[in-house]
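First, the structure itself, so that you have it in front of you.
By written order: A, B, C and D. Residues from 1 in each chain.
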């Protein structure tokens, strides 16, 4: 499966030569100053008169709300999303805001009350809301978002059926999701395993996935994929509780089943627990490969010993070193900014926050440009559909189904002494159209129809 | 008639009640006293009769007159609340009253139960005329009217004892088993308590079985006497049997008073 | 004194008779408070915004409060601590969700009826098993049943795992009284229906606890053995009160589902929700009828809204609860009379306030002294 | 199959020992003070966070292990650090008891629930303040596994699990010794059985209660420390599930019974691991189902009480 990097390699080359024209940049990233800044190419622009300054927009700042997991086990992901959203907002505000309007971001703990939080945001007069992380929370919110009519761009909550089946575009006007949905990383994992070991070599596979909706969804999609690609047989599937303190039973079962491939969508503390107990119980002697779509989400909690072994991890729609920061200035600048500001390695969930804000902000600016004034929620929602924009992770589109489509990343989980952190090597980038169904078709049908 | 047939109860090694056969109320309304040293099995016997414990062996039987013939009903294994229905009512050595209720509410709760009104949710608790009539009568009979609105837990011990007994009477018993109704009551008031009980049971022709340590009270008020020792019936008969029986004297005096 | 409607003299005090209760009465002060309360309830959607409160959040508080009122029947009267009332709240909520999502029942009142039936059935089943237990055994058995239900729902595809079920039929919210409503209209109709039913349920509970049955439950709570020996079938009555208690929870959960239109296991069935319902009853004043309702409103508001006010919102909630434990020893409503009396005293004699402050300062000093002494003993092993 | 059975059983025992260490403190406090301490899980979590800081400091003092001997030295340092972290819970527990709990012994028990719930919430934020929002991990699990244990008898099983079981056994042994043999322990038991009597013979119940609460906190913290140095992490809401599971265990075992808590914990540990092995979907429900079954058939729990607790 070939990497689809043409767009980005082009712009990289030009930025290295330093000869990129303003017009080219604008054209490349969607035609506005904020879009450029959020793509990470801000320094390429000189101050010029911007037609936006003449648009009629209110003076007061944009009130935006973000809900994410700020504490406890899921904060491993949630805080990254917070950093991402904050970084995007900071960049917007440093570049004079959207058509002159600064963004005022309020961040609140998502908890189990995402729906109530959203209502509180709306009551407080928010212009836009971002989040949540949890798929159940997201599911609860979608109808409410459409009732209230204040746009929400979900950072995550990636269960595939959500926009494919439960809330098709005809029923959904104001609810969007930026991060790739589950099928994209589950299929990428299946492709990774097949490419690496060879379809003929994979006879059996097993899964250890967190015991809640996301884990069930991922396991089902991976199974569908790997059975199609390699005709592999499922020998064990276990679903330890989310946030458990012991997975030893499942690991022992994997040890005795000796599958060729182990698939695990464990994240956060569950991911480190799996790796820790897996190493402790000699699991990596009993499997050929572990593929995990979100293992790298725990990048900041992994140690050198843990990443030892045949492990490939996904990194959803963003891996900080892809393209390599040596060659890609926007990526390097973002990485440095995050290191300096937060002292962490940005993970895919950083981009969840960054990209959700960017999707909305660039669409808003586009709307002002088109309308000559600040858009209504309805107009902005229309513009968000099929909206394309850049972040340092590359090009993203918001599909007609309100689902964001970006490249999916997968690479070998390994250790960097330079960085003193876990990294991905040998990263493969998957074009969204190769790992997600065409519009209007559900993933399950689509995979089942493969020859 | 209430009859114990070969009752036996063991607690681990200890045989608290051993082959006890007794009959109460052959003469309806009789006043029977059970005496014996501590550990003789008096309270256990009452517990077996009223259903707090089930016997290991033996049975409890109630004889009822119906249309001139005597019907025998084995109530062994019957739940205490159902024995109340059969007219078998008790009081407790350690006062068991509803501590947070007033005296009147305590008696009323028992009276409501007697009239099968406790499942009623539609009226107020004081909304049953016949119940209130009974309650007033009982409060008067047990001379509790003046403290009728006091909360039970604030009462002096003697009054609590009386209340405990009054609640038993409120259930319209045929057989009343009183476990030391005068224990802890000041000596000069003991007579008053027993007097009240006797008056009340005479009025209703209640067969009363009372555990008592005070031999003077026993002599004065008993129609019949049962002496228990080491779980068995040691003597049974008129109160006079207390006289001139050295063996019995030793059994009874070897312990208390 | 001229006759005022509903007012009569009893034992030399004026008592306000309450319609429909055949004999229950309120003191004039209580009657005024009740009237104010009813006016507040009916006016809530219109003026809560004026004082910066969200009425939908207050609505949710009321719902959990209703569950707490139900729980309080057990807590106050049969003196049983239930750690499993989320089982009924959750059954009610899932009753609505399952009927809507799987059986396409589209009328809200039908859904609510179904929810109450389902939740009550669950209470009957659990009640059958737990009625014979007391104290912590009762508490933990209810907890265990609750948690088994939670685990089942959480792990079952029929209930869509933890992602939960939408209470929408083909994307539309249920009708109410056979009519389709706008968002606001729906919420308002649901609210007023609930308030009317709430008043009926409060009245019913008030009558119940003052009825012979209520007295029997008190008897069971205060002395189980004696209750049995005055002929009360204890287990059966506990079972009945458990069922009634569960009915209140199921109703509350059902409305909650209709309001939220999406039901998930964590906010409805998790054992900590059970704990919260219990704490609502206690902090509101479990020795009163309406205390648990107030407790529900206060705790839900804190749990939901505090995060918007401060970073350390758990601690804020905890401190409020601590303050209630120490300064309102009978819960919020239970302590109102003594607080009212104390305030009246202080109006007469402002000097008392200085004494209060001194008293509080002394108590805190003593607490700090205790802490220091204790640490000294533990760390240095000396007194 | 046999080897799997052995491993699953060992895993269950390991999990049981963890549960025992958490439940031990709860059962002691409940047995003597009659208080159901809802903040117990947070004391456990506090121990898990504290050990992160203490272990970080302590292992900085020794070189990273290279061979067997240095691995054992490392293990001893980690255990010592765990004890030190738990020891910090002693004054914490004592202060909580003397300042907050003591004033309300006389009040209705339900206020103890509300109070300890309030403390639970406050403790969460204390930890958020102290260690931040995201999980922390001392990261010594892998190194502990380098200590040779089961390999010596030709069997591969994580050494950390073996260490936990040995430590849990030691904790149980010590507690039994303390309550059966030591003078202080007997005083505590006497106080549990009859407060008035204990006061009459000159025992300060205040002191005893403070001591017991501090001990309970210590063992909760030690349990947390043992988990934290393992494969898991320390995170803010980690105390909730163990709290609920501890209830299950002390009830299964028999209220206030130390032996009961021990056996109950091992039963819950082993049965739940077997259950996951044989029928994975039951994972979340298993401990509670076990509790239901035991309580419905043997309501008083497996063991009676060693103190008479009302």
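Throughout what follows, a residue touches a chain if its C-beta (ideal position, glycine included) is under 8 Å from a C-beta of that chain, and two chains touch if they have at least 3 such contacts.
The structure displayed is predicted, hence computed values, not measured ones.
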Contact-graph separation of chain A and chain C, given in steps at minimum: 1
Touching both chain B and chain D (chains): C
Greatest separation from chain A - chain, by CA centre: B
Identifier of the chain whose CA centre is least distant from the whole-structure CA centre: C
Intercentroid distance (Cα basis), chain B paired with chain A, Å: 78
Geometric centre distance via CA averages, chain C-chain B, whole Å: 42
Distance from the mean Cα position of chain D to that of chain A, given in whole angstrom: 39
Cα-centroid distance, chain C relative to chain D, in whole angstrom: 33
Contacts with 2+ other chains: residues of chain D: 128, 281, 283-284
Where chain C touches two or more other chains at once, by residue number: 154-155, 313
Contacts with 2+ other chains: residues of chain A: 211, 239
Chain pairs that touch, as defined at the top of this document: A-C, A-D, B-C, C-D
Partner chain C, residues of chain B touching it in the complex: 50, 52, 79-81, 84-85, 89-90, 92, 96-101, 105, 108-110, 112-114, 117-128, 167, 170-171
Interface residues, chain C side, partner chain A - complex: 54, 56-57, 60, 154-155, 157, 160-164, 166, 168, 171, 173, 183, 260-262, 264, 266-267, 304-305, 307-308, 313
Chain C - residues contacting chain B, complex: 22-24, 207-208, 210-216, 218-219, 222-223, 225-234, 237, 240
Contacting residues of chain D [partner chain A, same complex]: 3-4, 7-8, 11, 14-15, 18, 128, 133-135, 137, 139, 141-142, 145, 156-158, 160-161, 227, 230-233, 235-238, 241, 273, 276-277, 280-281, 283-284
Contacting residues of chain A [partner chain C, same complex]: 106, 108-109, 111-113, 115-117, 119-120, 123, 135-136, 139-140, 143-144, 147-148, 159, 166-167, 171, 211-213, 216, 239
